[in-house]
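Structures given as structure tokens follow.
In what comes next, subunit A is part of two complexes: it sits with subunit B in the first one and with subunit C in the second one.
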Partner chain A sequence: MPALAKYMLRRLAQLLPVALIIVLCSYMLLRMAPGDMVDVMAGESGSATPEYMAQLREQFDLNAPGYVLFGRYLNNLAHLDLGYSFRNNMQVAELIAQRVPATLTLMLVAVVIAAVLGISLGAVSARYRGRWLDEVISTLSTIGFATPVFWVGLLLIVVFSINLRWLPSAGMQTIGGVDGFWPSLLDRLRYMALPALSLSFFYLSIYVRMTRSAMLEVYGLDYVRTARAKGISELCIAVRHVLRNALLPLVTITGLQLGSLMGGSIVVETVFSWPGLGRLAFDAVFQRDINLLLGIFLCSSFLVILMNLLVDLLYAMLDPRIEIRS
Partner chain B sequence: MSTPLLDVRHLRVEFGSPKAPLIAVNDLSLQVNAGETLAIVGESGCGKSVTALALTRLLHGSQARISGSVKYRGEEISTLDERQMRGIRGRHIGMIFQDPMSALNPVMSVGDQLIEAIQAHDKLSRVQARARAQELLEKVRIPEPQKRLDDYPHRFSGGMRQRVVIALALAGRPSLLIADEPTTALDVTIQAQILGLLATLQKEMGMGLILITHDLGVVAETADRVMVMYAGRKVEEQPVHGLFAAPRHPYTQGLIAARPALQINPTARRVRLREIPGMVPMLSQLPEGCAFAARCERASDACHQQPDAVRIDTLTSVACHHPWQAIDHPLLQPQRAHA
Partner chain C sequence: MSSALPRRMVAVIPFAAALVFSAYVPTTNAAQTVLNAIVQPEPVALNSAFNTNFPNGVVANNVYEGLVSYDENMQPKPSLAESWDIAKDGLSITFHLRHGVKWHDGKPFTAEDVKYSALEIWKKVHPRGRTTFAALEDVLTPDQYTAVFKLKQPSLVILSSINANEAQILPAHLYADTDVLQNPHNIDPVGTGPFKFVKWVRGQYIELQRNPDYWEAGKPKVDKLVFRVIPDASSRSAALETGEVLYSPYDSVPFSDVERLSQNPELVVAKRGYESSAAYVFLEFNLRNPILANVKVRQAIDHAIDKQALIDVVWYGLGKPATGPIPSSLKNFYTTDGVPQYAFDTAQADKLLDEAGYPRKTDGIRFTLHIDYQPFHEGFKNQSEFIRQSLKKVGIDVQVRTQDLATFIRRVYNDYDFDINTGRWVPMMDPQIGGLRQYSSASITPGVPWSNASRYSNPEMDKVISALQGEVNPARRRDDFHQFQRIAQRDLPVIPLFEQQNFTVYSKRLQGVSVEPDGALSSLKDISIAP
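Up next is the complex of A and B:
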């Protein structure tokens, strides 16, 4: 078997224990939270009697001790069944499958915006170190670094949706949809703009700062002097020699940040009513929909682990010194 | 006399604030002719490397202030702008650096780095440039050059990497090569190979070579003329045979005396290595006058004033108030007809 396939297989096998630990921890945390699904439903109806609540608990099979329920859940998992969300009256797997594309698109667009803008600004900043342009970029990135995501989102809504009325503030597309491929794509992009921007803001700042410091470090290295001694242009030096080497730590950071990006998307999806996994999780917490929440945790941790695997492969592609061995 | 290949006059390099500058190179003049090897010798921190970098203005980002005149083939290059200077680097003056382990970009294949250097100065297609890159690797005696083109630097040993660095420096077919301690990071057998290679290439291409080193053995083997630097200044300049036979400056004397001698008879009493007492003064605390005076056994009151370089003959000069005369040199009989 080629080394790459072997390596992937081994990495994927590591998923299992990780998934088990994640499920166990989140299950215990959720059980420790006060109230269950029935409490929430009773509160919402406003007129539930204790008898009715007991009957509901019986119906949803919530009376068994925790370890029995957990064992049952694991058994279902082993049969690739994520369980049923009584609140949404749907299979958890189906619910998640509906929401995953929205979240993935949002995350992907945010990462691309953050990486492209962040790396370019960071490179410019490093190139003009100490001049006014560097000062402006560095100051802005510090502000971006220190600003909470939800606040950026609210601010964008106030400016671009309410005051300027340029962009919609909630949802994923015009209700009912738009005819034609290009108009519909444009429509989606318009809805995507504000959430993606606010989600990318924080990461953009990280990229700017990381790129700047990594490039400055590389600028001081011997091979940059060698490149200069060849008589090639500063732009070639910056792009081919400095940036390419500075990208390596950035790829690592991207991998590490993917988990937190998932968390950030929950906030953004809530602010912008984006119908993604994050919103679903947010609602599930308030509805004490344990099955759904566990399913989401599992799914998102799988996503993060898979993306980390991708990042590692990318790393091996970028740096010839790293070879994949199984 | 014809115009020298490189003619440097009163080169001065300062770092730090203009009010309290650190003068790394002071009033340095040197000439190199085509096909000639000039060795610049001195302890670490004496300004050798700074001189090398200052000539092609590669002291990037350190905010060094460089003054003086640098003439290449009679044309002033110290006043060129950055873009014009790029046309000089690599094409006319090639550079080889000390540490081959860090002098190559780790994420670019050796071939790509060579092609980049070739295309910087010659309008060649990629295929043509690749063919030239292969020739260059052949020229620096790398076995199986065609296969090695696509390898990354980490697959080369130190000596092989230095060969690649030399190939890079030759890519623009320069007429002057500046080698800044090209063998310091290599082990001794490889050192000899690399020096031999440099000498062969120099002869083949008729290049001028400035060889910066602190290794007097290297100097004796390869140089035509030697310039000794101390604390940023030239203290002595001589043809190589004269320097070893009759060093004029007390510092040069000390350097030569401090070389370990090979002891043939292992049972003989070990001879203690001669050393120069004291330390090189820090740039921020240079004394008035001769910087070597504090370590010099011949120092007198006169040494509180900077000695001028005195020409002894066309090729020899020394900056000392009390230079050794050939006649009072302990190793020499009174003035032989020719050394």
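Up next is the complex of A and C:
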């Protein structure tokens, strides 16, 4: 499909200027923030001498004017080098690579839970519109939407970790790991259960409400009446004729969420000690670790742009009326 | 057509599974005793060579050691040095080093390591080493097991600064002729200590393992030591309550949880182990502000604050009122004799403010000040609010400003754009290390955090400070410190509000938790776990 290939190429080419603008803006914002990494390090150390601070600034290359430093940064980028984090004593690329799997896993699991549960509940709600089941689901989803994620997280910890002692409260796996494939998978799922649930809780309510309203709209269309007249079962109508046609807005939402989940999980990552990108970025801001933060921004923007591209492709797949043109 | 969608979704499953296992690690033997501890916040390097952030020390002091450690009376006792003698003129200290100690990579530990650490680390890249070891001129190594510190002038502070936390001995064979700040061993430490470094999974945990060749027989007592990183304070309480974690130093749970955790039959809330790093909470005034330059105003502010209420309301009772800039746990230096005190008395405060020439205006307000607090702890924010309310009663309007650490440091220590600065300071075991800077005019150094920000400068004070720095006679030096406290409280550039009580939370199953004055910052080699 040459049209598709061309389209993909064009979208990928758009990545570069977008990423460049993101890097430039975040660099300028960071340079405007008062203080630098040396202030932070000396501050934490509890004491310092002027010689110590001058030496560190020299070593960390903080003395040159901003545009020179930015030029150097771009030059490094052109050589696929994200730079060194003096704060963490590590290459930025290595630091990010360590965190990406954790963030992606949590994000995907949470979105899948939210989408599957949310769409099912929304469908049920639309099917039994106005009856008690619909009322219950609508009320619960309103509560879910209104409850702060960190609070849900802490509540889940209190119930499942402290009182019932069923699930661990912090971390991503048993330290040192567990032997065997299945026990290890189980171990990871146990650690992931609470953070993924808290993260999906908020998004779930959006899915419920979106599915419900989209399906109700479709239920009123003529072809649904035709389907009923043909004698097709209600379940079949709901799933095949109504839900499928109500999916498009949900795909849009999912695409947007996948992007925002990258940042939105900082809270959950903090509450559950999940070692993801959000926390790394959050810490980097306070530590004025510009190299690291720019690296994270770059990676996240790539991820978001790729997700958007995927969503666009998915549109075409779900709705044959949408064409991809280069 | 309609069944195609689920099949596409199924295709995602192996992808997700691959992600789940991307960090899969096979395990080791499970029959080992493991001590799970908390370190908060996550360290930034696994030594204290160039960043003396306390989390670095909490972990690294299990891997690295100092020449000495300190007993309950804060006197040095052997560690890497077995004994030491001070020359009669005070101009040299000879350390006799322990024989047969090996670095974790098998290389022998020698006087060369001491020489390298002292001259290249402490005196060059350590944040305060240049000051503490200012008198240290050279280190001679007549043989492998002898290190002689040559001093320009006598300096008693050195013997109080050579434990694992203040002056780590790093391996010369891995650090010499390298760029210390970028040395890969900063995150992969090779020490002489009771535990060997295994791995650091960023954002999750740091794993250490028993050093079987450790010089002290029978130690350490646990096979594995794991420091976990749990960024949320309530989650740290939860981890202690569930028993996932057994040891947690440095106030790592919310103060509001301390009472509940003390009631927990499985936990101990201990207050020992912080005497050498005892902190006091202060208000520092910017004397560039003409209002605050008036000592009567500063005295009035001191009178206007009920310190005990501040401790009880904001700090859940974890502290006691301070009498001056030296905490009472530093018994060798502390005094109240002749040290001016300003008891809580709002009438006196009002009177002093009137005398200073700032009567209440029609709205009851005399003048407005800003307060900036160290953004390390939510307690300081609450404390600033408490001070705002206290000073409101005597007609001073206080506005609280919030900012992150880097902004705070630039504002207070570089731009001097503040009125009142509040937070905590740690004078350390010998207050010459950290307790004099705020009062010495030599420390008015723009851009340097925790230096003299008030611009307080008094030749009488400077004379006392320089006298005690070069004093060889401990008794005369103590008198100098007493005089320091009297002048500080008379001139009042800083109000020491109260002595903060740090605490450790640990499981009752632990035995041998250190009660030494630097216990919270020393290795966990004495701890064993009851079943």
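Note that the second predicted complex is superposed on the first by the 325 of 326 C-alpha atoms of A that agree within 3 Å, B and C clash if a C-alpha of one lies under 4 Å from a C-alpha of the other, contacts with A are read in each partner's own complex, and residues count from 1 in each chain.
Assume contacts are C-beta pairs under 8 Å (C-beta built on N, C-alpha and C of every residue); 3 or more make two chains touch, one makes a residue touch a chain.
Every value quoted in this text rests on a predicted model; they were computed, and no experiment measured them.
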item	value
Combined model on subunit A: subunit C and subunit B, fit or clash	fit
Touching partner for A:52 - first (subunit B), second (subunit C), both, neither	second
Touching partner for A:21 - first (subunit B), second (subunit C), both, neither	neither
Contacts of A:87 with subunit B and subunit C, given as first, second, both or neither	second
Partner chain in contact with A:4 - subunit B first, subunit C second, else both or neither	neither
Partner chain(s) touched by A:219 [first = subunit B, second = subunit C, both, neither]	first
Greater residue coverage of subunit A in the superposed arrangement, subunit B or subunit C	C
Partner chain in contact with A:233 - subunit B first, subunit C second, else both or neither	first
Which superposed partner A:321 touches (first subunit B, second subunit C, both, neither)	first
Contacts of A:155 with subunit B and subunit C, given as first, second, both or neither	neither
Subunit B versus subunit C as contact partner of A:244, first or second or both or neither	both
After fitting on chain A: smallest Cα gap, subunit B-subunit C, Å	7
Shared contact residues on subunit A - subunit B and subunit C	240, 244, 318
Of all residues in subunit A, those that touch subunit C in their complex	33-36, 39-53, 55-56, 59, 84, 86-90, 95, 98-99, 101-102, 104-105, 108-109, 112, 154, 157-158, 161-162, 165, 168-173, 175-179, 181, 184-185, 188, 240, 244, 269-273, 275-276, 279-280, 285-286, 288, 318
Contact footprint of subunit A on subunit B as seen in their complex	56, 58, 60-61, 82, 86-91, 94-95, 97, 99, 102-109, 116-117, 120-121, 152, 154, 165, 168-169, 171-172
Touching residues (chain side subunit A, partner subunit B) in the complex	219-223, 225-234, 236, 240-241, 244-245, 248, 318-321
Of subunit C, residues touching subunit A in the complex	2, 5, 16-17, 19-28, 34, 36, 44-45, 50-54, 124-128, 130-131, 179, 181-182, 184, 186-187, 201-205, 207, 226, 228-232, 234-235, 238-239, 241-242, 244, 404-411, 426, 433-434, 437, 445, 447-451
